[in-house]
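Each in structure tokens, the structures are laid out below.
Here come two complexes built around chain A, the first alongside chain B, the second alongside chain C.
Up next is the complex of A and B:
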């Protein structure tokens, strides 16, 4: 077990290095002259001399050999000093810090909603396999898979505005200082993203529950006369939860992808929207940092779920 | 699989294969919901192919004096803020969805299958390295990667396809690999090696045909997913450049006018969700139908 943990931790290092190299390579390989973009503010480039462009490129260190740029960037990231935004000239970590609370609240809220929806739905549709309840829930969860988040979000905004004359308070207020406003702002995005996550999760809960319900120990429990709910919740669900937790963890890790769309629909000032903004503005230090951050989150949450898996399931042996 | 006797006894191939019709009929009987999905998908493909010929108006050019016309007999889905006929735009949106989805799947599933089979078959060090590289690609959120690629390379159809295929191939390579690993340890693969087949031949004639079922299922699900991703990118303003009538772009434009003119949101939203829903119910049924063991993979 200890060897497994150490091994897994060590394996993260090359993966992260690879990720950083890929992110860096893609950002550099993509065309688009950052210096010209900054000087012209995205315009066609009139009134900017080649000299000015060259000077700015030198200032930004873009004339150095690529490996020098890479090492310099990586060293900065490791010390948590990834530099400043090309647009606001603020330290990137400060910009990220300002937007982090919103994205974290969205992420945790959505995963919580998803678990609260998916586990009961999954259990019920497994117990009631191929009966009406199962079909209703199947339509509900395939709907969640089929309707893109941006569409569900737009529809929610539309229905509330058109038929209930309700418009969400814009922006994002701190959960601690203005709890009321915060909840009013976040409830829709959290439910929309949570519904999307719950679709996948309830399908997984259903299929693992179906497998577990056929196990011998479930039959034994029934045979010794335990009540149905006791068997389902006490014996079957406990054993089916493991894959469910894993997928919930993976969703949390891949969240920035979901946040990009949800935050754009609801105009929330979070990391996802910041990322879209940085991409369109060619603010490459910001893009690099955010993409790297989401990849790191993914890798570590993946690692975490694997380790939890190994810790609580004695059947799993890793050599 | 054909044997020597089949080749001798079977009549020459005709354009009409009774086997296919029979397979479809069996599928429809066992999976009625899946059959509904299939019918919707066939309708989608027909619309997508015929759209440029049957649209009543040019999807990208507005009609003077016809802005924000509510659905009527002349304009069944109404017109938008530029006076463009929405029916023509929704129809041509199907063409874009099919083009982007189809090409993405061709590229992404093709590359994923190739990598998965080769990696599983060769095994050892090659497999280890390929898997690490795929892990790296997988840890980057697909939509973000696609956003960066399309913004930098330009908002054109080919770039959208490349971006979405790059985002899709790692997942496919993983699933194909795990299936190919199981196939590799089958006795017939050993037998093929024993009679001196080359590695290439074994991969193409023995491993690949036996993972085709998985690949078909992945491709169906992938097509639906690619259509969603394309619409999402367009919604974010990073899809094919307007005025191209992508459903995502239409929904994005509608969101500013949806309260006074709800029909602008309704029709592209319906088109997109029906098509993706059809892909999902068809894909689900196909997975159960082709290989019941696969049910667990979701």
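Up next is the complex of A and C:
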């Protein structure tokens, strides 16, 4: 197991190098002039001259050859000093650190909600296949799949405001320092995002449960006189969980990269919004670092998922 | 030739009385708004300047009136306390107000600072300059030198005194930053030869040539004054918003909110009324608007026309809106380096195809007005009847447009690209459809902000449909931005010696009437050669809770955001 983990971690290095090269190249390929953007704030730029733009470009090191810029940035990343934002001049790690708590809370909360909804719904739908309960859950799931989160989020905000005169407290308060305010702020986005992801997971749970329930060993278990609940939860569900864990892991990885739309609709200060902002502003070092961090998150979550496989299914060994 | 002190006192007295009358009118308007609960037009927008110093120069020898604060009582019966919250679309691009160029940065930063001068907070038209840090100012040699006399006893948030050396350090930095930082308004101080701190309370600015726009610029929030010590140590104004303003920074959580609290030692007696200001960073306009209706925010920028009817009904009468004329316009640029756009008749045909009444409805839901380069109704605008003599600026005429295209000998349909920005969708959709009626078929090239600017500067277009926003109602700012040969955004690449000549004359003319005449000539010249085509000037619908008192929306987003005299009803 130890060797497997070390091997997997070593394999991360070329992956991350590839990602870093790709995102660096893509950012430089995007049209636009970051120096002009900074000087004009993306707006009018009264009095900004081409000379000023050129000077700032030189100051930002953007006139150096691309390979010099890449190596300089990569060396900073290796030392965990990826530099400062071209816009705010703040250290990038500080900027990311300020936004990380919201993103982690939203991601973990949404995945937890989705699992809590999806597994029971998927199991019940499978056990009650083609019965009214299954139809109701099917509508629930298809609704989650087909309604975009920005629409559900906007509707939730609108309905609560218009009919219940309730508006979430603005901003984002720390979970540890202001737990009450934090819950009031986060409950809506977590539920909206959790609902969306539960739709996918519940459909997967249902279909794998249906497969497993038709397996010989389930039939044998029933023939031996085991109670239905025991058969479903003790034998079938455990075997049906592997794909659910895989998808939940992928969802968590995606969310740690930032739930852009949910964060925007609910005005949450997370990494997703920061990533979009950095791309539109051509804030190269920020975008590069966020993409790299997202890749790292995926790698570790995939590794964690593999290890969970072994815990769920004793036949899986990594020796 | 220092201005007579007696005259100054007299002027201040007259002004104070006007302020009271004006304030009363504003309060009356506010009450009327609250009573009807609906929207209203900013009644003050077209008021002429009444103080000693009209913005944009004029030949005001001196000035001294102070708005609000020390000399004028606030309208109504002010109450202390309360927090005013408002959403902004993104984080400030920088925490040094000298380095920023957008309102999302100016709004949360301006309340922490003072400038030498300010635009009168009660004057929506941005036409009147009044005192701020400078109690009075004078120009002894016809605009080549300005002497400012600073208010005594002003202190920064950190307790250090504000002196002329601090003001000098700020202006010097803006003109030529000592650190490797961008200074977007370095060019605005291009006429400044030197800034001298004569003594602790006196500042002298010497110019290379008269520059009547200087005072207007100094009165915008961009010319905020921070401590010299901070500039010396940090290389800029730093990230703590240390100024002498009525509010000071308490917290800034990136991507989330900025919290300002009352400066208990503010130098203007009895101000501010509010305990604090909160700015929430909300990128989604729908969310921000819903929260405004729900009472989370007391101020909201730019309500969409289709949402106006929701303001009263969904806020339970607790919010209203004001329709404000602005210096933001929908505009067309031509790539005159390419055929057929180098032909004046073709450009004129485009102007005739854009029926202004239709356009104002289609693009702005009716919240727009005709204009040339300068806003009609502003200090420098053409009389509307004169503007309407330019083809297209009165009525559209498809047949005349087609006739002009025929005269120009172009083969119809004309094909080309229409560059625009993604978020200017109302404008580019209208333009594309309107021009198609005359046989000009343009392929839409809508890009995001950075890419659209890039294409515009590289000339990768036939026509551009854009929204241009100018900081102030100021001819220098406007023409140097889009119309002169060296204009930053002369994307039409049309270099006209007559425009340049008129620009050079008006930029040094201190007499307001003479300057206005030159500006009008310049406006007419640029319009008549269709260097650009102005579709309309946009009016913003600005949301405000009815509990907010003594606040006047300005045409500029970069003035009157200090909130010093604003108060909330309980």
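One rule holds for everything that comes next: the second predicted complex is superposed on the first by the 289 of 319 C-alpha atoms of A that agree within 3 Å, B and C clash if a C-alpha of one lies under 4 Å from a C-alpha of the other, contacts with A are read in each partner's own complex, and residues count from 1 in each chain.
Please note the rule applied: a contact is a pair of C-beta atoms (placed from the backbone, for glycine too) under 8 Å apart; a residue touches a chain by one contact, two chains touch by 3 or more.
What you see is a predicted model, and the numbers here were worked out from it, not measured in a lab.
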(request) Sticking to the clash and touch definitions up top, decide whether chain B and chain C on chain A clash or fit. (result) clash
(message) Quick check for you: in the superposed arrangement, does A:88 touch first (chain B), second (chain C), both or neither?
(response) second
(request) Once the structures are superposed on A, label A:264 by its partner contacts, choosing first (chain B), second (chain C), both or neither. (result) both
(request) Using the superposition on chain A described above, determine whether A:275 touches chain B (first), chain C (second), both, or neither. (result) first
(message) With both complexes overlaid on chain A, does A:201 touch chain B (first), chain C (second), both or neither?
(response) neither
(message) Between chain B and chain C, whom does A:256 touch in the aligned arrangement: first, second, both, or neither?
(response) first
(request) Pick one for A:22: touches chain B only (first), chain C only (second), both, or neither. (result) first
(request) Could you look at A:298 and tell me whether it touches chain B, chain C, both or neither (first, second, both, neither)? (result) first
(request) Could you look at A:162 and tell me whether it touches chain B, chain C, both or neither (first, second, both, neither)? (result) both
(message) I'd like to know which partner A:151 touches here: chain B for first, chain C for second, both or neither.
(response) first
(message) With both structures aligned on chain A, tell me which stretch of chain B collides with chain C: 22-30, 76-84, 184-192 or 220-228.
(response) 76-84
(message) Taking the stated contact definition, name every residue in chain A that is touched by chain B in one complex and by chain C in the other, in rising order.
(response) 30-32, 154, 157-158, 161-162, 264, 280, 282
(request) Flag every residue of chain B that touches chain A in the complex, lowest number first. (result) 132-133, 135-145, 147-149, 151-153, 224, 228, 231-232, 235-238, 248, 251, 254-255, 258-259, 262, 265, 269, 272-273, 276-277, 279-281, 284, 295-296, 298
(request) Going by the contact rule at the top, pick out the chain A residues touching chain B in the complex. (result) 14-15, 18-19, 22-23, 26-27, 30-32, 142-143, 145-151, 154-155, 157-158, 161-162, 200, 203-204, 207, 211, 254, 256-257, 260-261, 264, 275-276, 279-280, 282, 287, 290-291, 294-295, 298-299, 302
(message) Considering only the defined contacts, which chain C positions touch chain A in the complex?
(response) 85, 87, 90-91, 93-95, 100-102, 105, 180, 182-188, 190, 239, 253-257, 278, 280-284, 286-288, 290-291, 293-297, 314, 447-451, 453-455, 457, 468-471, 477, 480-481, 488-489
(request) Would you mind writing out the residues of chain A in touch with chain C in their complex? (result) 30-34, 36-49, 52, 56, 59, 87-90, 95, 98-99, 102, 154, 157-158, 161-162, 165-172, 264-270, 273-274, 277, 280-282
